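Below: a set of structures, written as structure tokens.
Common to both upcoming complexes is chain A, partnered first by chain B, then by chain C.
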Partner chain A sequence: MSGKYKNVAYYPGCALEGTGHAYNRSTKELGKALGLKLTELKNWNCCGAMEVKNIDPKLQTYLSARNLSIAEDMGFDTVMAPCNGCYHNLKKAEYDLKHDQASREVNRRLASKAGHTTYEAGKVETIHALDWIKDAIGEEGLKARVKNSLSGLKVANYYGCMYTRPRHIFPEKDQGPGTESTSKPHFMDDLLAAAGAENVDYPLKTACCGGAHTLSDSDTSTKLVLNLLTTAEACGADVIATECPTCHTGLEMHQVRAEKVFGRKTTVKILYFTQLLGMALGLSPRKVGVHENFSDSSDLLRAKGLG
Partner chain B sequence: MPIHEKSLIRPENLVTHDQLTLEGVDVSGHWSTFITSRAVTDYNEVMQEEIAALPGGEFIHRCWQCGSCTNACTVNAINPDFNPRYWIYLIRMGMEEELLRDKDIIWQCVSCNKCTYACPRDVNPEGVMKATAHWLELKGHTEKKPSMVFDEAFSEQVFASGKIEDGKVLRDFFTRTKQPLLQNWLIALVRGLVMRLPVGLLMKLGLATLFHPRTRGWGKARAAIDEYVAERHAADARALHLDAQGAE
Partner chain C sequence: MAISRTIDEITARLDQMIAASDAELLAAAPERANELLALGEAILEIWLSAHGQTPTARTVEGFRLLALHRQGARGEPSFNACRETCRELVYHHNLVRLDPASPDTARRLRLGVMVARHLALFIGGKLEVAGLGEFCCSSRPLRQREATAQATETV
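Here is the complex of A and B:
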């Protein structure tokens, strides 16, 4: 714990205003409960997710650069994005603006035509919600605040693709003890363990849920998700903890689709790590939006004394 | 045997003779299976250059065929025909006809970036897959695939208003791909949620679909983006030697 990040700019992104509403709610509540201040970026725009880059990658860089310029204008040197897609794209923009002259030119041109500050690499640091809690509070800080231990809850920690890949856009990762690993990430494991959860040894932490094709190639996505779900069950997990709204919604959607279309029923629950941490801090399931999840985990939470 | 020659041992290229004697040697039957000879003359010598000109394809020339991409590939694990290493080889050799055999699955790359993570030569195979899928569509070898329909529906919303509303993306996609919105699994999913959600939040989510979220003062950004996108489309068409209508 370094005590940084107590007051950061907050970029929720489109998913957190739609299907990932529960992630937005639980992130804000968690911040409140931990005394961390989040100030939402004023008038932010979509990061382009996984789609705009397929129209043109430099345009996607511009979309993220605009958001970073807002953080800069608001006087923040750190922006926190809980969504893996947003986080990834802000990081990618930072990398491209630092290393690629053509990306800088497109960004300068579009920013000046659109009439706002041209963002330049190095001005704002992008962090994920995991970095935020890990650095601002840390495991020890979290342990001291736990009111309702997650003990007895077996958790598979699932990070997805965009939190660690490709490696080169995350220069702060893989830097030895204390830093995040891109091959075997552990920040979420660390935080949930501090809250009392029993993490299972889940081999698919960074496997893909097929989120990019969740609608356009649903059968592939369902197969990938079913693998994640059945493996979590085989590892003995009660719940899969997520830190990305696309993964989270993908797991929920395709859990239902696997049952309806493939006839394969799985019962493992799916919760955002912010929901689990919030409940460990004594917040009610309702306060962290458990009722807003597609997957109904109320029975499990009651059984574990959390609901 | 060079990689592309695996095409020679496809069933349609194998020949056995019930009765055949060559230079006094009996070569009848299964033990003397022949491979039909093929001289490759139809190399497409500009294919690599064209794919390299599309976003994502820039570094295809770096590939040294180690196979790390295919080994790491998420989609390859569920469909062994999905083989980025092989396609990169075919593109670099100019073997268009062989590549076209797989034209209907290349778009299925899920952009997990495992290949990009594993690649020792920074080829960016994920980008190459996208560029190749795009090339196949622009050249008219395939119709617009569902992922491109989705990318366009999504991006148009972003360009128009600065934000997306996921319900609208879903509806647009199902409309454009002519699929019914009322899929049984989608109904089950929404029904489960509606049973548990408080009325107030349902109203709020419902209103979000009526009042599309937007970034204020987006007009100038939109104009700048539209102008840039039109330029890029024209540049792509030039690189692929297409005329203004987009046909070859």
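Here is the complex of A and C:
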């Protein structure tokens, strides 16, 4: 824990203004409760997600680089992106600009056409919400602030596929003790354990949720999600903790669809890790947006003394 | 153990293993663990064969499953989305093989089956949409060759 992330730029991205609104709300409230300052990027744009990336990857690099240039112009050297897709794309842009001359050239030309500062690799560091809490507060800092321990809550930590892949765009990971692992990520496990939760050993923590498949082949998405849910239940989890709005929404929606289409009911709850940490710090479920989740966890939270 | 089956047949076998009683699983736990690994290999072989490749007989870290994954991921970054699923399958196989008498063996086998089922669903899904586009968000652009040729600055 270095504490260098106590005051960072905040890039919510499109999902957190829509289906992932509860993640946006809980992230901001968690930051406030921990005394961390988040300053939202002014006039931010889409990271290029997969739509642009699939058509013209260099344009996606530019779109993400523009957000990094805004952070730089606002005087920040760190931008925090809670969405796995945004986090991944900003990291990828950083990597491309560092290693690919053609990407640098396209970025320079488009930035010049658009009339803003050309972002150059190395000026702004992109971090995830997990890095943010882990570094700015750390496990000991969290333990000291816990008011409602998550004790008795069994959690399967689900990171999804983009938080750790591809390895080469995350050079800070896999650097030994204290750093995140790309093969067995643990930052969310560490933070929730510090808040009192009992983490179960979940073998599908980085497995695909079928997110990109949702529209083209919903049944496959539903089956993938159903397998994630039933595996979490087989591990004894009460809750699946998420840190990606796409995964979270997919798990919630396909949990319902699995029951409707395949007649398979699962009862495991789905909550953002920021919601769980917020409640551990004494924030109300409403304050962290639990009422905005599709998955109704009110009974469980009440039973565990959190609601 | 060579297995030549379709994804649906493999999934059906996995469902059968999930439905088995603890006593049935424990009766031949090491063999079931080997079977799981073989089913995982068979799933990856289907993917490789569908792409005109000859599945490798080599091993990585002592396991053919990991070598097959590496072969499948070559030139296909989205395939890495099942990298850890393969490693988890190996891990559960090892847990059972190293200590078949453990009181956790039936549970470990069941979790191993669920991991294998995820691999089957993932690969099955990828095969199904192969004509439509890439499956994974972190994948290469759709139809990369055309995209590279036609890449334009659209603003």
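What we mean here is this: the second predicted complex is superposed on the first by the 307 of 307 C-alpha atoms of A that agree within 3 Å, B and C clash if a C-alpha of one lies under 4 Å from a C-alpha of the other, contacts with A are read in each partner's own complex, and residues count from 1 in each chain.
Convention: a residue touches a chain if its C-beta (ideal position, glycine included) is under 8 Å from a C-beta of that chain, and two chains touch if they have at least 3 such contacts.
For clarity, every value in this text was computed on a predicted model and none was experimentally measured.
Q: Since both structures carry chain A, what do chain B and chain C do when superposed there: clash or fit?
A: Result for chain B and chain C: clash.
Q: One more residue to check, A:R165. First (chain B), second (chain C), both or neither?
A: Once the two structures are laid over each other on A, A:R165 reaches both partners.
Q: After the superposition on A, what does A:K184 contact: first (chain B), second (chain C), both or neither?
A: A:K184 contacts chain C only, not chain B.
Q: Check whether A:M74 is in contact with chain B, with chain C, with both or with neither, and answer first, second, both or neither.
A: neither
Q: Check whether chain B or chain C contacts more residues of chain A in the superposed model.
A: Touching more of chain A: B.
Q: Once the shared chain is lined up, is A:C235 touching chain B (first), chain C (second), both, or neither of them?
A: It touches chain C, and chain B stays clear.
Q: May I ask you to decide whether A:L300 touches chain B, chain C, both, or neither, giving the answer as first, second, both or neither?
A: neither
Q: Look at A:G85 in the shared chain and tell me whether it touches chain B only, chain C only, both, or neither; answer first, second, both or neither.
A: second
Q: Quick one: is A:K113 in contact with chain B, with chain C, with both, or with neither? Answer first, second, both or neither.
A: After superposing on A, A:K113 lies in contact with both chain B and chain C.
Q: Looking at the overlay, what does A:L204 touch: chain B (first), chain C (second), both, or neither?
A: A:L204: touches chain C, not chain B.
Q: After fitting the two complexes on their shared chain A, where does chain B collide with chain C, if the options are 150-158, 168-176, 204-212 or 222-230?
A: 222-230
Q: Overlap of the chain B and chain C footprints on chain A, residue-wise?
A: On chain A, the overlap between the chain B and chain C contacts is residues 49-50, 53-59, 106, 109-110, 113-114, 161-162, 165-166, 207-208, 210-213, 216-217, 220-221, 223-224.
Q: Hey, which residues of chain A end up touching chain B in the complex?
A: Residues in contact with chain B: 14-15, 17-19, 21, 43-46, 48-59, 62-63, 66, 106, 109-110, 113-115, 161-162, 164-167, 182, 207-208, 210-213, 215-217, 220-221, 223-224, 252-253, 256-257, 259-261, 291-292, 294, 296.
Q: For chain B, which residues are in contact with chain A within the complex?
A: 55-56, 74-75, 78, 108, 110-114, 116-117, 127, 130, 134, 145-152, 154-155, 157-158, 162-167, 170, 173-174, 177, 184-186, 188-189, 192-193, 196-198, 201, 205, 208, 213, 215-218, 220-221, 223-225, 227-229, 232
Q: Per the contact definition, I'd like the list of chain C residues that touch chain A in the complex.
A: Touching chain A: residues 77, 80-85, 87-88, 91-92, 107, 110-111, 114-115, 117-118, 121-122, 124-125, 128-129, 132-138, 141-142, 147, 151-155 of chain C.
Q: Across the complex, what residues on chain A touch chain C?
A: 49-50, 53-59, 85, 88, 106, 109-110, 113-114, 161-162, 165-166, 183-184, 203-208, 210-213, 216-217, 220-221, 223-224, 227-228, 230-231, 234-235, 246
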